[in-house]
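This is the structure I want to talk about, given as structure tokens.
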Amino acid sequence: MQTKIQIEAAGKIYTDGKHNVEALRAVNLDIAANEFVTLVGASGCGKSTLLRCIGGLEELSLGEIRVDGRPVSGPGVNRAMVFQHYSLYPWLTVMENIKFSRRLKVHREGITSSDVETASGRADALLSLMGLNHAALAYPDQLSGGMQQRVAIARALLPKPDILLLDEPFGALDAQTREVMHDLILHIFNLEKTTNVFVTHDVEEAIYLGQRVVLMAPRPGRIDTIYEVPLPAERDQDMKLSPEFIRLKKEILQRIRETSGMRTDKDMLDRLTRQTEPG
Amino acid sequence: MQTKIQIEAAGKIYTDGKHNVEALRAVNLDIAANEFVTLVGASGCGKSTLLRCIGGLEELSLGEIRVDGRPVSGPGVNRAMVFQHYSLYPWLTVMENIKFSRRLKVHREGITSSDVETASGRADALLSLMGLNHAALAYPDQLSGGMQQRVAIARALLPKPDILLLDEPFGALDAQTREVMHDLILHIFNLEKTTNVFVTHDVEEAIYLGQRVVLMAPRPGRIDTIYEVPLPAERDQDMKLSPEFIRLKKEILQRIRETSGMRTDKDMLDRLTRQTEPG
Amino acid sequence: EIKVGLSDWPGWVAWYVAEQQGYFKKYGADVKLVWFANYTDSISALSAGQLDANSQTWSDTLAPLAKGIPLKVVLVNDNSAGNDALMVGPNIKRFADLKGKTIALEEFSVSHFLLVTALHKNGMSLKDVKVVNLAAGDAAAAFLSGRVDAAVVWNPWVNKIQISGKGHALFTSKEIPGLIPDLLVAQEKSLVAHRKDFIGMIKAWYDTEKFIREQPGVAAKIMAKVVSMPPEEYRVFLSGTKFFDQNGNLQAFGPASDPTSLLGVAPTIAKFLLENKLMEGKVDYAKGLDGSLVKEVARR
Amino acid sequence: MPTTERSLSKSTMPSAAVMPVAVQRKRRFWTIRGRLSRKEYLVLAALGMVLPFVGWWWLASSGLMDKVFMPSPLDVITRIHRWFMEDNLMGDASISIYRVTAGFILSAMFALPLGLMIGTYRPVQAMLEPLLDFIRYMPAVAFIPLVMIWVGIDEGSKIAIIFIGTFFQMVLMVAEDVRRVPLAQIEAAQTMGARRGEIVSLVILQSAKPALLDTLRITMGWAWTYLVVAELVAANSGLGYAILKAQRFLQTDKIFAGIILIGLIGLVTDQLFRLVHRKSFPWLYRK
Amino acid sequence: MPTTERSLSKSTMPSAAVMPVAVQRKRRFWTIRGRLSRKEYLVLAALGMVLPFVGWWWLASSGLMDKVFMPSPLDVITRIHRWFMEDNLMGDASISIYRVTAGFILSAMFALPLGLMIGTYRPVQAMLEPLLDFIRYMPAVAFIPLVMIWVGIDEGSKIAIIFIGTFFQMVLMVAEDVRRVPLAQIEAAQTMGARRGEIVSLVILQSAKPALLDTLRITMGWAWTYLVVAELVAANSGLGYAILKAQRFLQTDKIFAGIILIGLIGLVTDQLFRLVHRKSFPWLYRK
């Protein structure tokens, strides 16, 4: 398989003059083309930082990230990002939001009229793929959270990116809507053949979506373990109840608890267990 | 068992002059003393509204809610509430936040010096129960989300309320921290013998915590089904993998999907399933 | 076209009579009158070269002259002859009664100058009274509302106070003839460039003076309209203003030996300014005067 | 127990079809963050406007104060009427509106791009913000002679004074508005390949627009407060000029008239701005 | 490939103990929402303050403008020195500071409780806000004769003008600050049994404090801009009075001196307010 993203000895240090925070230390990871990788880990372990570095929104302090062999030096149209919050434009309709990238110069250069038609067709196709046909003229504030995130994904997909970077895109949705979105995102992944890097807090989500689950650990932010998900390529909701799934979920959760710096929370649990057991 | 909270034909209509929203219609529910009831349901089905009406923060338009036989006519010290967000006071230390209610007149009336001592001792006890001893002098912004919610719970518990009303208190926490909080809240429930009404989006959480799960449906907001949870009173994390648990979770999720007005999301899933099945 | 600034003083408001009677046109003077609500600003405007000429007093012309700004007095409109007055309450009868009293006036204006002179003439000095700095209109208001014991103001306020019955004049500019000349002062370079217009203005002024003398009723009506006052009230001001005709002007531009000429009164005024640190250095008074226009008009 | 209500709701329960009109329970007026209906709001607002006038009218007619110092509302209305009939009120009002609007627009023309730069680029902010913070303390009145020297005494000078009074505060507020644009919106555009200029024009400016319009509404008020100062400079018409003239002759009724007229014009502008805001940015008003 | 960096990081990987100092990659200065180090910020801010002075100095010495209309920085400094030595600069400055502070404090004393009421109780808001919106357009200068008549000509009158200039804007801003207190904080107190007064004093006021201090800082600037207007009324000392006197005799250097001194005093106050803010509300500054 062809390597799409190469992360080599990546390090990132945030500094505000006085304090340094080592958000990433010596991260090495190769991601293949059309692979679906999910990133999990305790809060503050650098998941978002790593994703933003791949996306070119942050610069590495050390090491290098290459996409298709070329070092990342800023955001690029081949890498689309979807965030948890606020990234839709409230002054544009759903359709205008989805077509936003077509107003940018980089997508207007050297295109022929047939390209325009194709792109226009693509916007419509995405709209109906997302089940948003009836909402094309609505404004984001008129949509539910799940619909808003579907618009954000459609907007990111319009310029046919190779890579889709998602930072807790479903974090604010309720459990039911989230399940729908899971199947949708897998469907799109199969259709568009993108390479997906997906950050989440939800281990179940990470296993259900990912082909590999990358577990990161904090202080300094680093890769702790990489798990291959032992599920068939085609996923369905019932798999969540399969023994492999449950075993892996338990294993990952356990490991996150161990690696997390959240001593107090962990101690707490231990203490409670001790208290309740004899009582 | 003694009935603590009686909700009788409760109705609530929000109006802004032009539009009416029927947030609750003909809700009937009796909650026993020292019962743990969880409320689930699709977004907008009136869970928060019902909780706020019990808490006295909103007034019913129709019907009545009685606590210990007396109609609710406003917030009262016997009913404590915990919200998802922003309710800690950032200008007070953890200890000052916990002791906040002691600065209020209602808690100062007719207390003897021994009462003061007991209350003071209670604050310390809550602090250590929550595993926050080392953080007594910290400010909320210096704490993780999980710690902040523990402070909020301790603060609500200080004046020994009979009833604890919780509105998605762990909605903003990550999965790992949330699990710790679940065991903590159960521990407190057993210790303090409060009557808990707990609103959540997370069906797993609802089953794990509740003795009864009340499923609400939207438009108009109403009670759809009430499930008795077939688990022993003492819960532990492994039960989540038990067949009864999984069966109930599936059943409730299925029912939420059916009752939810989120046609588009449901249709979406159906459509995807159809697409992927033959493909 | 020349821009001429003016503000609210009867001798200057009279320029509107000239405008409405068509005297400017008659003498080929292309004049645009620019009204200033705040007299002080009109002085700055002239010094800054934004005006070709301005209506201002001799005392206010000396400071810019001392700074080397090339200004020339070309015409004397009038002398105050009762229009500036020290107004006092009913229980002040003599100057001696003023001791320790508060007097409202606009600092460093002719009012200030009038008070200094009046006190001096009665064997007192500024040290004997308490001065409160207020613009003329505000000074009158402060006096009428009983906030001060006395006020030095000019008309229309002198009249307003008299009508109200709350005060009377203890000292007026009538008693110091020549010391408060109201002038038309021009920028030197405008004078060179537009001499014809200024000549026309001077001629128009003489006609105006004659018109006011002969038809005070009509004149008062025109002037009253400008400041939105009832014409009857305005007539009173005319008598407190000694409008200068050609002879008056010739005399004012006369030699220093004449104590009522501009050169004659200049040292007295300069002394006042220097003592109050409002002017720095010496002024060659003669350089600030250009009587040639008045003389040229007279020659014909 | 409120039996009527219970029976009402009980009767609807079985059919669950028709909902009875909500019975209003006791509504506490004096509630923290209580809600008001539109009608209640309007009544109270009208009351708030009318009561001070009644108080004034009472004070004026009580004879406690001299008429010269405290004209009655009737005097003022008469004066406004006379002003309108005889003294060209419309002329005064229009020239003043022109001056304020011109000064305001000029100020906005510079403040918007500059504030946009300051709010967008940190180096620009570092260079200009302390300087502006320094200048914003300076009294506009003090600039009158300088304005006259540099700008002249024509309309330009009045507009310049209003400009000076408004501009510096406006820049600082615009910069703040721009800084409040959510970073996520900017980053979303960056990941779609937007260039700097495109981000500024297609995202930052669009996103800040509602806040900017509000800033313009607020600074419009400041522009009006500088009118009298502006019309000190060689003006012979305008509401401010009329007030100044009235001050000279202690025509308190005219001072009142002028002040109230300015307030009214302001109130109308304010409401217009709010209307445009509601119409232009409906998503801010939808629940 | 940046080999040095790779080798650096590679060498640390095995031990994972010592972290090498971060190698700064190319830093684009002209980045949207870019970050600046404290040092860069200070240098740019200083530059921003100094450059206009250099420009001024150049303009003044170029001879393009008459010295009377454009004094050089040196003239102004000389003037300030002389003012200090001969003309009691300290006296002028202190009386002006006193007036501004007194007017400002008076304004705050009324604006804070009133704004608190408006922001807390909707009926109060409905009654007062439209009225205040109406008054805030009125020019303070127009009130001079009224103030003189009603308040007199003593210090009170100057303080009153500053009060009028500041108060109305301040109330509206305070009300807005109070409205921004998160409802959840208020409801939390309600469920703990807090009464109305307790909620206002223990929650709303405390929660709004940081915003209120910022509002005070901003309105302090407005108070200063009214100084000259205030010192039109029966003053014979003060910075504004000195500027007015200088205007009369076209002492441009003194006008400049006065304006700059006011700006400097303002800048110092502003920084003091910011310092107090940082010290009093540390949680707003912690990351």
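Order of writing sets the labels: A, B, C, D and E. Residues in every chain begin at 1.
The definition used in the following text is that a contact is a pair of C-beta atoms (placed from the backbone, for glycine too) under 8 Å apart; a residue touches a chain by one contact, two chains touch by 3 or more.
A quick map from chain label to UniProt name: A, B = ABC transporter ATP-binding protein; D, E = ABC transporter permease.
Every value quoted in this text rests on a predicted model; they were computed, and no experiment measured them.
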Review point. Which chain's C-alpha centroid is most distant from that of chain B?
Key: C
Review point. Most contacts: which chain pair?
Key: D-E
Practice item. Averaged over CA atoms, how far is the centre of chain D (ABC transporter permease) from the centre of chain E (ABC transporter permease)? Could you give it in whole Å? Key: 20
Check your understanding: Which whole number of Å gives the spacing of the CA centres of chain A and chain E (ABC transporter permease)?
Key -> 44
Point to revise | Computed distance of Cα centres, chain C from chain A, in Å | key: 83
Check your understanding: Hey, what residues on chain B touch two or more of the other chains?
Key -> none
**Study point:** chain D (ABC transporter permease): positions in contact with at least two other chains
**Key:** 69, 144-145, 149, 247, 250
Review point. For chain C, what residues touch not just one other chain but two or more?
Key: 41, 44, 48, 137-138, 141, 145
**Study point:** chain A-touching residues of chain B, taken from the complex the two chains share
**Key:** 42-43, 130-132, 134-135, 144-147, 174-177, 179-180, 183-184, 187, 201-204, 234, 241, 246, 253, 256-257, 260, 262, 264-269, 271-273, 275-276
Revision key, fill the gap. In the complex, the residues of chain B that touch chain E (ABC transporter permease) are 55-57, 75-77, 79-81, 83, 85-87, 89-91, 100-101, 103-107, 139-142, 152, 155-156, 159, 165
Check your understanding: For the complex, which residues does chain E (ABC transporter permease) have touching chain D (ABC transporter permease)?
Key -> 29-36, 40-41, 44-45, 47-49, 52, 69, 120-123, 126-131, 133-146, 149-150, 165, 169, 183, 186, 190, 196, 199-200, 204, 221, 224-229, 240, 243, 247, 250, 252, 255, 258-259, 262-267, 270
Point to revise | chain C residues within the chain E (ABC transporter permease) interface of the complex | key: 40-41, 43-44, 47-48, 60, 63-64, 67-69, 104, 107-108, 131-135, 137-138, 141-142, 145, 147-148, 277-279
Study note, to complete from the structure: The residues of chain C that touch chain D (ABC transporter permease) in their complex are 3, 5, 8, 34-38, 41-42, 44-45, 48-51, 136-138, 140-141, 144-145, 156, 160, 227-229
